[in-house]
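Common to both upcoming complexes is subunit A, partnered first by subunit B, then by subunit C.
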Partner chain A sequence: MSSAIAMGNKSLFQGLNLRQKTILIISFTSILLFAIVIISLFLAGNALPTNFESKNLAPSLEHPFGTDWMGRDMFVRTLEGLGLSIIIGAFASLISTVLTLILGLFSSLGKTADSFVSWLVDLFLSVPHLLLIILISIGMGGGTKGVIIGVALTHWPSLTRVVRAEIKQLKTQEYLHISKNLGNSKWWIATKHILPHLSPQILLGTILMFPHAILHEASVTFLGFGLSPHEPAIGIILSEAMGYLSAGYWWLAFFPGLSLLIVVLAFDMIGENFGKLMNPKMAHE
Partner chain B sequence: MEIYESNGCRGGIQIKKNQWYLLLGSGLVIIVAVGLLFMSANNSAAPNPQASEELVAAVGTHGGEPEAGFNPITGWGYNHEPLVQSTLFKKDSNASLIKDLATDYTVSEDGLTWTVKIRDDVNFHDGVQLTAKDIAFTFNTASKASGQVDLSMLEKAAALDEHTVEFSLNDPQATFINKLAVIGIVPEHAYEETYGQNPIGSGPYTFVQWDKGQQVIFKANPDYYGQKPFFKKLTVLFMDSDAAFAAAKSGQIDVAEIPASYANQNVKGMKMVSLDSIDARGVNLPIHADTGQKTEDGYAIGNNVTSDIAIRKALNIGIDRQALIDGALNGQGNEEFTGVDKLPWGNKEAIFEDGRIEEAKKILNDAGWKDTDGDGIVEKNGLKAEFSLLYPSNAQERQALAVSVSEEAKKLGIKIKVEGKSWDNIDALIHSTPVVFGFGSLDPTDLYLRYYSKSYDPSNYNNVIRYNNSKVDNYLRTAITSFDPNTANRNWQLAAWNGKTGYSEKGDATWLWMATVNYLFIMDEDLDIGTPKIQPHGADIFGNILEWKRTENQANS
Partner chain C sequence: MKHAKLGFFLGKKTIKLISLLVVVCFASFWIVEQSPIDPVRAYIGEMSIQSEQKAKLDEYWGVNTPVQEKFFNWAGKLLKGDFGVSLIYRVPVIDVIKEKFTASLILMACSWLISGVIGFVLGIIAGMKNGTWIDKAIKTYCYILTATPTFWLALLLLMVFSVYLGLFPLGFSVPIGVAAANVTLFDKFQHLILPALTLSLLGVAQIAMFTREKLIKVLLSDYVLFAKARGEKGLDLILRHGVRNVALPAITLQFLGFSELFGGAALVEQVFSYPGIGQATVAAGLRSDVPLLLGIVIFSAIFVFFGNLIADLIYEFIDPRLKQKEAML
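Our next item is the complex of A and B:
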C-alpha cells in the first residue's frame, strides 16, 4: 500500500521533497477526518427525522448516498455514524495510551512488576477481543456508553506489549546502568531516561490504534450490541442494509461501506507517514 | 490469540488479520449488492421447479421457528393452525366456532363443568385411536406446564368414557371455549419430553422432518377425517424475510411473508397478497407515578410523565394514525383506537377522531404543561414531558412506528426518546416505560388479562400498567362469565367506554393504540388461498390450508 501511495505522490506533487509530501499527506487526511467529526457533531440529531415520502431513493444530487426505508438521508446518517466511530476511536486510543504508559513504566520498576504486567497482557489477549468488548459493553449497561467503554478498555494490551519489549531493550543499555550506579532512583530513571525513548512508539501506536477501534466499534454495532437499531452507527447501517440487498437497494451498503474503508485507510495512512517522519530510516524502505 | 509484531522500526501495531476480513467482508457485501442489482435488472423468475402438489413456504407464523418444537403444550399452534395436531374446535373465516374433534358440548348451570363429546373415527398418525383420555391428558399437562395459553381457570380434565371428556373449572369463564380451540391434542402414549421434535398428532398433515434452523417438512395425512388437502407436501423454510423475498424472486419458494417495506416490489409470476389483521400495535402508558416502589424482581414501577392523564389523552388524540400507517407501515395497516376495534367486543363508541393537534395542546395547557423555556417541550412543575419508548430491536415495523410516533409527539411538545432493546432488557423496564406491544387474539380473554385489576402478574405482560378501575373490573368480570354471547360482548364493550369511564381514550386513556398491521405475502400467481381466516397476532396464513389449491389451467402445465 505504501508503495502505491509513494508512486501516487510522484505524479501528484512534483517538486516537493519526500518530507514535504509526507507532511502534506498527513495534513490532508487529518483535515478530512477532522471535517467528518465536526460535521457529524453539527448534524447531531438530524439523521433521525424520517421522511416517508422519499424512501428508498437511489443516489441523486439531493441525496448523494440515497435514502433508506424510512426516508432518512444516508449521507447524513453515514457522516454521523463515522463521526461516532472516530470519537470512539479517539477515546479508545487516549485511554489505551494512558494505560500503556502507566503499565509500561510500571514494568520497568523490577522483575515482579514486569511479570505482573506481562501476565495482565497475556490475560487480556487470551480472551477473543470482540467477545471481551461485547462482555464489557453489556456489563456497563449497553448503549453508546457501553460500546465506548468496551472498546476503550480493550485496546491497550498489544501496545503495552510493544512498549514493554522496548523497555526491556533499553534496560540493557550502558547509560542506564551508569545512571543507576550514580544513585538515581528507579522512578527517576523510568521518567528521565526511558520515557523520552518511548514517546515515538507510543505516539505511533496511538494513531495506529484508531483503525482497530473503529473497526471494532463497527463490528460490535453490526452484530447488534450496544446501540438501538434506529441510531446511526456504521455497523448498524451496514447490517440494516443487508436486509435490502435482495430488493436491489445497493446504495445502502455500498456508500457507507466505502466510507468506512476510506476512514480506516486514512488513519492507516496517517500512521504510516507519521512513522516516516519519526523514523527517517524507514522512509527509504 | 493473535501474535503481534513487535517490529521496532514500524513502531506499533498493524491492522489485524481479522479486521482485514471485516474490510474484505464489507467489500464483498458491496459486490453482492451490485450483483443483485444486475440480477434484479433482468428479473427473470425461473419456472417453478416444485411439483404442483408441493408447496414451499417461508412464512413467519408467529416468531418463525418454534424453539421447543411443534408441541402444543409449549405453545405450538397457539393463535395459528397447528397442522400436525387437531383441536376440539376451530374458528372459521368469520371467527365463528366450528367443531373439529368435538361433536357436541354442554356446560353445567354454574358454568364450572364442561362436557365435550368427540368423534370416534379419529386416529393418530401412528394408527392408535384418539380417545377422551388423550384430550384429558393434553389439557392437564398444558395446565401444569403453564405455557403460552392461560389455563389458570382449569381445575382438571377427566375422561368420562372413550369419547366424552369433562373439564372442571375453578372459575366459570365462558371464554374457556376459546382454549378448546387453540390447544392441539397430543397422544398420551407417545408424549415425552422430546415430543416437540417428532410430533405425532391427528391433524391434516403428518410430520416428516425438522432440520433445525432450516426447514420443517410435512406431508398430507392420508387418513385425515376432514377435507383432504390439495397440497400433499408442505415445506416451511425458516429464513429472514429479505432472504425469503430473494428466494421467492428466484422461484425457489411459492409463498413468502415479506415486510411492509417491500410492498412496492414487483416479481414476475408472483402476486402480492396483503391480509388485514386484528394484530394491533399499541403502547402501554404507565398510569401510576414513580413513587420508588419496585416489583418483586426489583424493577421500577410507574412513570411520572405518562401517569398524568393529560399526557395520555393528548397523545391519543394528537397523533395522526393514518400518517403513521402511510409512513411507518408503508400503507399496510389500518387505524386502531381501542386495541379491539375490529372484533365483536370492540366498542364503536370508544373510537374517536385523531390528529387533533390544537385540542391536544389545549389539554396539555389546561393541565399545566407549558413550554416555559422555549425548547419546544412542555414542562409542568419543572418536569419535562419526556419519556422513553422501547421497541424490540428485531421488530422492524415497531421500530418504524416508534420513530414515527416520536415525531408526531414532538408536534404536541412531548419528547419521546426511542430506544431499541432486546425483550430481556425490556422486561426489566416494562413497568415504568412505554413499550410498543403487539396484541391480537380471537379470544376476548386478552382484554380481561390486559385491564382486569387482579390480572396483574409480574411474570408476564398481564395488566402491566396496573390498571385498577372498579367499574371496568365489573364489566370485565360480567363479560368473561356470561355464556350469552350478546351479554358478553356488550359488557366487553362497556369496559372500553360506558359514557362515563372505561379503559379507552374517552375514559382513562390507558394505552396508546396506533394501528393493526397487515400481513404481506408474495405468492405464485396460480396459488388460490381461498378465504383466509382472520389474521391474529403473528398471522395464521395456514389457517385455511385445506382450502388452498392451484388454479386448474396452470396445475397441469
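Our next item is the complex of A and C:
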C-alpha cells in the first residue's frame, strides 16, 4: 500500500472504484467548463486591446494561441468565444428541454395528442437541421437573437421521440390503469406518475443536447448568420481565420477549433458518465 | 400478395409526401413572411433609388398585398412548376437548384459511399477485436470525430493539403480562368477530393459505432455460439454470420443520414468554395433571396424524404427478421 501512495496521483486514481472514477471525471470536466464560462464573463467586460505592433504573431509563451491581424491575443478571444458558445448552448438546451417536456406530457393525454406530437416531430426532422436553423433565424430577423432562437427551437425532436416511446411503454403498466380506475385525471397521472419516471431520461437528454447545440451555433455563425463580427464567437473567429489561411497563419484556425472540440468532448464525457451512473447495468463497461 | 403490399405502401408514402410538402411550403412561407426583410431591397441591392421608384417596385413585386394572397399566388405558381426567379442569380429558381443540386449530389454521393464502406469495415474490425487496442483506437477516433466541427476539419485539410503541400487547388469546382468547355474531368475530380474527404472522414463515426455495437451483440448470440461449436472461427465466422446480419441495419442507418449529409455539405462547400446547393443556401439566406431559399427548402425536404423512404423500404420488404418481429408483436 505504501508504495501505491508513493507513486502519487496516478495510482491513487487507479485505486478508486469505477463509480468513484465516473464521479471524478464528471466533476473534473464540469469544473473545467464552469471555469471557462466564468473567465469569459470576466473577460467580456473589457474590450481586447488592439496592438498593431504585435499582429499575426505565431504562438509563443506570451501568446499561447498567437495573435490575429489586429494584434489581439487569440487565447483570450478563444476563451471568450467558448464562454459565449456554452451559454448559448445552455440556453438552447434549456428551451428545447422545456419543449420536450411539454410535448411529451401532452402526448400522454390521448391518441390524437400523441399523433399530433409525432407528426410535429416528423415535420421538424423533414428539413435538414442546418437549413431549418437558417430558415428560423431569418424569420426572426437574423442577428444574435435569430441564431439563438433557431438553435433553441430545433433541438427537441430527437429527445421528444425518445420520451414519447418511453411514455408509450409506461402507459402499458398496470399501476397506471389502476390509477385511472381510481378516478385520477389524465393530467394528474401525467405529472405524478409519468413525469418522475422521465426525469432521468430528460436530464441525460439535456446534457447530450449541449454538444449538438454548441456545434450548430458555431456552424451557423461560421456561415455568416447571426452573431455580429464584433462578438468573439468561435464561428466568427474561424470564418475570419479562413481569410488568412493562404498567408500561412495556421494558429488562427487551429487552436480555436481545437478548443471547441475539447469543450464538445467534455460535454459528451459528462453525458456518457452521467448515463453510466444512472444506469447501473451499464456501469461495468 | 407482395406486390399488393408494396403498392399500398408506396401509395401511403406518396400521400405522406404530398401532405408533408404542403405543410413544409406553408410553414416555411409563414416563417419567412415573419422576417423584417425587404424583398425589394434584396433585389436592387445597394443601389440608391428615389422613393417613387421604390413605391413602383413595391407595387410590381406585390409587397403590400395581403399575406394570404401572396401565399396563394406563390403556391399556385408552384403547382404549375414555377418556383419564381432567384433574386441573386437572376434566373429561374428551378434552374439554379438543378445546377447546384447536381454538383452537390456528386459530392454527397461520393462521401456517402466512402464513409459508409470505411465506417462499416472499421465497425466490423472494432467489433471483432472487441476490447483490444485496435477496438479502443477506433472507438477513440469515432468519439473525437463526432465532436469535431465539420468546418474546422475542412479548414485543417485545406491548410495541410492546399496551402502547405500544394497538392490541391484552393477552391472552386473548376480552375479559374479556364473556359467551361475546357474543364476536364480530371479538374473536376481534383476539386472534389478534399470536400469529399472531409465529409467522408466525419461520416465514418456514426456508422462505425453502430456496426460495432451490432456485431458485438450478434457475436454473443446463440447461433454464433453454435457455429463456433461446429468449428467455425476467425474471419470466416464473422463473414458468414456477422456481416450478413449487420449489413442491412447499417445500410438503413446510412440512408437515414441524408439530413446531416446536407448540413455537412453546406459547411464543407462554404470552406472549399464548391458551387453546390449548400453554398447556394448560404448565399440565399445571407442575401435574402426568398424564392431560392423556399425552393431549396422544398427540394431538401424531398431529398431527406427519399432517404427515409429507402430506409423504410429496406425495413419493411428486404429484412426478413424485422418482418418476423412484427408478426410476433
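One rule holds in what follows: the second predicted complex is superposed on the first by the 266 of 285 C-alpha atoms of A that agree within 3 Å, B and C clash if a C-alpha of one lies under 4 Å from a C-alpha of the other, contacts with A are read in each partner's own complex, and residues count from 1 in each chain.
Everything that follows uses one rule, which is that contacts are C-beta pairs under 8 Å (C-beta built on N, C-alpha and C of every residue); 3 or more make two chains touch, one makes a residue touch a chain.
Please read all numbers here as calculations on a predicted model, not as lab measurements.
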item	value
Contacts of A:Val264 with subunit B and subunit C, given as first, second, both or neither	both
Which superposed partner A:Gly183 touches (first subunit B, second subunit C, both, neither)	neither
First, second, both or neither for A:Pro196, with subunit B first and subunit C second	neither
First, second, both or neither for A:Leu131, with subunit B first and subunit C second	second
Touching partner for A:Leu208 - first (subunit B), second (subunit C), both, neither	first
Contacts of A:Met242 with subunit B and subunit C, given as first, second, both or neither	both
Touched partner set for A:Leu223, first subunit B, second subunit C, both or neither	second
Greater residue coverage of subunit A in the superposed arrangement, subunit B or subunit C	B
Touched partner set for A:Ser158, first subunit B, second subunit C, both or neither	first
Footprint overlap on subunit A, comparing subunit B with subunit C	125-126, 142, 211, 215, 218-219, 224, 238, 241-242, 245-246, 248, 250, 253-254, 257-258, 260-261, 264, 268
Residues on subunit A engaged by subunit B in the complex (per definition of touch)	48-50, 52, 55-56, 69-71, 125-126, 142, 158-159, 161-162, 165-166, 169, 200-201, 204-205, 207-209, 211-212, 215-216, 218-219, 224, 228-231, 238, 241-248, 250, 252-254, 257-258, 260-261, 264, 268, 271, 275, 278-279, 281-282
In the complex, subunit A residues that touch subunit C	122-123, 125-131, 134-136, 138-142, 211, 215, 218-219, 222-225, 238, 241-242, 245-246, 248, 250, 253-254, 257-258, 260-261, 264-265, 268
Residues of subunit C defined as touching subunit A within the complex	20, 23-24, 27-28, 31-37, 143-144, 146-152, 155-156, 158-159, 163, 170, 258-260, 262-263, 266-267, 270-271, 281-282, 285-286, 288, 293, 296-297, 300-301, 304-305
Residue ranges of subunit B in contact with subunit A within the complex	1-2, 4, 6, 8-16, 19, 22-23, 26-27, 29-30, 32-34, 36-37, 40, 240-243, 245-246, 249, 261-262, 265, 326-328, 330, 393, 399-400, 402-404, 407, 418-421, 425
